[in-house]
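Consider the two complexes below, in which chain A is the common component and chain B and chain C are the respective partners.
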Partner chain A sequence: MKFRAKIVDGACLNHFTRISNMIAKLAKTCTLRISPDKLNFILCDKLANGGVSMWCELEQENFFNEFQMEGVSAENNEIYLELTSENLSRALKTAQNARALKIKLTNKHFPCLTVSVELLSMSSSSRIVTHDIPIKVIPRKLWKDLQEPVVPDPDVSIYLPVLKTMKSVVEKMKNISNHLVIEANLDGELNLKIETELVCVTTHFKDLGNPPLASESTHEDRNVEHMAEVHIDIRKLLQFLAGQQVNPTKALCNIVNNKMVHFDLLHEDVSLQYFIPALS
Partner chain B sequence: MSENELDTTLNLKCKLGMKSILPIFRCLNSLERNIEKCRIFTRSDKCKVVIQFFYRHGIKRTHNICFQESQPLQVIFDKNVCTNTLMIQPRLLADAIVLFTSSQEEVTLAVTPLNFCLKSSNEESMDLSNAVYSEMFVGSDEFDFFQIGMDTEITFCFKELKGILTFSEATHAPISIYFDFPGKPLALSIDDMLVEANFILATLADEQSRASSPQSLCLSQKRKRSDLIEKKAGKNVTGQALECISRKAAPRRLYPKETLTNISALENCGSPAMKRVDGDVSEVSESSVSNTEEVPGSLCLRKFSCMFFGAVSSDQQEHFNHPFDSLARASDSEEDMNNGSFSIF
Partner chain C sequence: MPLLTQQIQDEDDQYSLVASLDNVRNLSTILKAIHFREHATCFATKNGIKVTVENAKCVQANAFIQAGIFQEFKVQEESVTFRINLTVLLDCLSIFGSSPMPGTLTALRMCYQGYGYPLMLFLEEGGVVTVCKINTQEPEETLDFDFCSTNVINKIILQSEGLREAFSELDMTSEVLQITMSPDKPYFRLSTFGNAGSSHLDYPKDSDLMEAFHCNQTQVNRYKISLLKPSTKALVLSCKMEFCSRHPVWTAMAQSWLTATSTSQVQVIFLPQPPKHLGLQAPTTMPSLIFVFLVESRVGQAGLGTRDLRAP
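Showing the complex of A and B:
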């Protein structure tokens, strides 16, 4: 198993650092999947994560100007690693004004992802910083649990409002109740509702717009104003929103009535999918 | 020390709580703008240090802080005979420090005549398989002065280094580092126009058993430490209490007898040699020996001793002859305005 990659472009490096920061906010431990043309950050829907799952994908070409990998075997040309997300984001943080960043898989006492940064400095000599991030190699037999989640046919698909606004609303709501209802319809309306014995709070977002439906036929007869809803744990939504430091290029929300909510974001060229299951 | 003894050279060594002093000098901006004069003197009859601020319009603010007398030990450490000397702007070193995660207890400094490398201490990362191991190389040309007589790798307390760098950034003077081999203390020295500060840090001694598993390393450390405790406990304790700073456990007071036997015991640990101060005072020092408690279950113990040297006025001679002029005079006398030479310790 081999992996080495290099980033020299400052913008790419910053973007990669931002992605890594986002992942660190969304998942404490995650799986990094390395394949010949992609990198994925994966969180699978185990009970430990509260049923939440995440799938983040980026095309390696868009970031690395050098990328070599050799998977477990020829037929399975992939590498699955488990790491503590914060370790990677902290290591990348030191690469702010770097001339170059190299990442490679190494084995120093234990398997590591070595992040090596060449920093620009005042003098002629540059500073070299290396971080050895301990990782765990995930064996082949567990790979099946870490595949791209199947996105079920949503009942409603809607564009999200400005995430910062959504986040501040949800943050305040968290103080009142842990149980949040997200509902949306095909008329560009999204509501966030919480309900307790004493009070009921609803925030309405209008004119959001809906993406064109995949299959027109099934929804022809549907009343456009009919709301699809899902009850979720507000903290999971908040964690998701808190991870989005930058407003995404595209943000979509898919609701499967009473089953789950699926967020589909695009940060420039990096796609992030986040699934929050309904409260049972 | 009474206020009447003007002719004798007086030397008061005392301790003041930082928590008492910090709030007094808190708002630097407002102090600089509004205060015309500041007087610091002692009233030994009441065991108090008095700090007075004189504002405009005759307003005077007085703080009385109790002090404790202390007999600090003096460290004998000649930084000038160290084979390795470095001088660097503290800002540059502080940048390197940022890389290390804050949970890092110790950091290792490895030098060769061409290279300077700061890295996570090996011991720790072996225990916690989740810890990131970091290394930073700084080119020798970033240093104002770079003289390495001997390739070496020394390990010392990271927290102390961070604190010292924060302090030194305030002075704008470069920081000088003097060291030799593992076990021998490391000195960090700042020499500004007004302030000279020396910090002596103990370094981890190079154990023979270091090559073997961490477990055995810690056992041998444990053994040594318990020897040390025994030696200290066995003596008749009459000396002053040494303040202890312990990183993992609650602070613990040691009561060493100030004899030479103590020195040898401490030397085994790789801490700087300490000698009873008799007369010759070139630096007022306050020492703190840290000795961690044996935390049950913890594998690695630290036996660091840290010495914190006081900052003294750079004009040594004047200070020596009239060490506490402002303290000795009666408070109603107008002449004792020794401006400038605070003794911060």
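Showing the complex of A and C:
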């Protein structure tokens, strides 16, 4: 197993750092999957995560100008590593104005992902800061649980409003209730509702727009105002929203009635999918 | 407020109380100042709303929000009273975030249908509307204080900025805060008696911070320092603080506050500790001390006067 990659472009480095910060906010521990053309940050829907799952994908050639990898074997040319997300984002913090960033798989008493940052110092000679992030190599037999999740056919697909507003509202709602209902229809309306014996609060977002339906013919007769809804844990929604520091390029919300809500975001060229299941 | 005006214009008759504000912060700031207990009693007449929070019959905080602050204010009945969870109310009023985003205002419309109905709040910011329905409860009996100006023994008004530091530095190991008001030296003194010793803070009557000084007799009263906590929130938000001690004559209720449309008033009433050596039980035989805080809100300044809440 081998992995070596290098970023020299400042903009790519900043983008990679932002992605890493977002992952750190979304998942404490996650899986990093390295393949010849992509890098994925994966969180699979174990009970420990409360059923939440995440799939983040980026094309390596959009970031790295050098990228070499050799997987477990020739037929399985992939590497799956488990790491603490915060370790990576903390290491990248030192790479703010770096000249170059190198990442490689090493074995220093234990397997590590070594991040070395080349910084320019005042005397124009460079300084190198090295971080060794401990990782666990995930054996091949567990790979099947870490595959790209199948996106079920949503009942409603809608574009999300400004995430900052959504986050402010959900943050306040969390003080009142532990769970909320997210509902949307094909008329561009999305509602967040909480209800306790003391109070009911509903926030209405309008004119959001819906993407064109995948299968137009089968849904022709459906009432556009009919709401699809899901009852979810408020903290999971808040954790997802808190991770989005920058407004995404594209943000889509898919609701499968009473089953789950799926968020499909695009941060420039990096795609993020986040699944929150319904409360039982 | 285009989104909200298309509502209930003709349905207004069904509501006992309807109030609209262009900037909800004008209301939430004042209510935060008295938020030291979970529940509050709201009392509305056509002159405005009074929100009361009480602690163990020793401290009562009142926020007076005048009708003039609202863009629309209608009270159908003589008076409307209900008890509500203040924590939930504040959470709802700040649903779009506690810290204001520059340039955005959250509009509020508040409707109450009457006894047994929930309080409805409609908040709007940037086209997004939040509707809150908060259940109301049976109003509780609150202590009524008589505020005729003839009962005033001593009254001192100070600028809050001079007091904030003093209050934040009060020696909390002292059980009481002793307030001395006198026509002679030391004029106005705050004293604590803590583990490290006693400390006295004097404000001379010709101090720059002194806005008004009317003392007829020397009075020294002690108040439980732990009960002062609620007033520090109000102090932080206010521009002036009034210390007023009155004879306790419990006759008909007469609330008064300043009619300046720019200021709303938060009033905290403390019943003092009877001196131990007298062994008195009932604090109501002692003159009560009233702290009055004036909280500025963002509308333009107007003259000051007094007006009776209950005036027909």
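As a working rule, the second predicted complex is superposed on the first by the 280 of 280 C-alpha atoms of A that agree within 3 Å, B and C clash if a C-alpha of one lies under 4 Å from a C-alpha of the other, contacts with A are read in each partner's own complex, and residues count from 1 in each chain.
Keep this in mind: contacts are C-beta pairs under 8 Å (C-beta built on N, C-alpha and C of every residue); 3 or more make two chains touch, one makes a residue touch a chain.
From a predicted model like this one, the values you see are computed outputs, not experimental measurements.
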{"item": "Combined model on chain A where chain B meets chain C, clash or fit", "value": "fit"}
{"item": "First (chain B), second (chain C), both or neither touched by A:P161", "value": "second"}
{"item": "Contacts of A:N175 with chain B and chain C, given as first, second, both or neither", "value": "second"}
{"item": "First (chain B), second (chain C), both or neither touched by A:N87", "value": "first"}
{"item": "Which superposed partner A:V129 touches (first chain B, second chain C, both, neither)", "value": "first"}
{"item": "First (chain B), second (chain C), both or neither touched by A:K2", "value": "neither"}
{"item": "Which of chain B and chain C A:F110 touches, first, second, both or neither", "value": "first"}
{"item": "Touched partner set for A:T202, first chain B, second chain C, both or neither", "value": "second"}
{"item": "Where the C-alpha centre of chain A sits as vertex, the angle toward chain B and chain C in the overlay (nearest 10 degrees)", "value": "70"}
{"item": "Overlay on shared chain A, then closest C-alpha pair between chain B and chain C (Å)", "value": "11"}
{"item": "Touching both chain B and chain C, residues of chain A", "value": "none"}
{"item": "List of chain C residues in touch with chain A within their complex", "value": "85, 88, 91-92, 94-97, 118, 125-135"}
{"item": "Chain B partner contacts - residues on chain A that touch it in the complex", "value": "84, 87, 90-91, 94, 108-110, 112, 121-134"}
{"item": "Sites on chain B touched by chain A in the complex", "value": "92, 96, 98-99, 101, 126, 129-142"}
{"item": "Chain C-facing residues of chain A, complex", "value": "161, 165, 168-169, 171-173, 175-176, 197-207"}
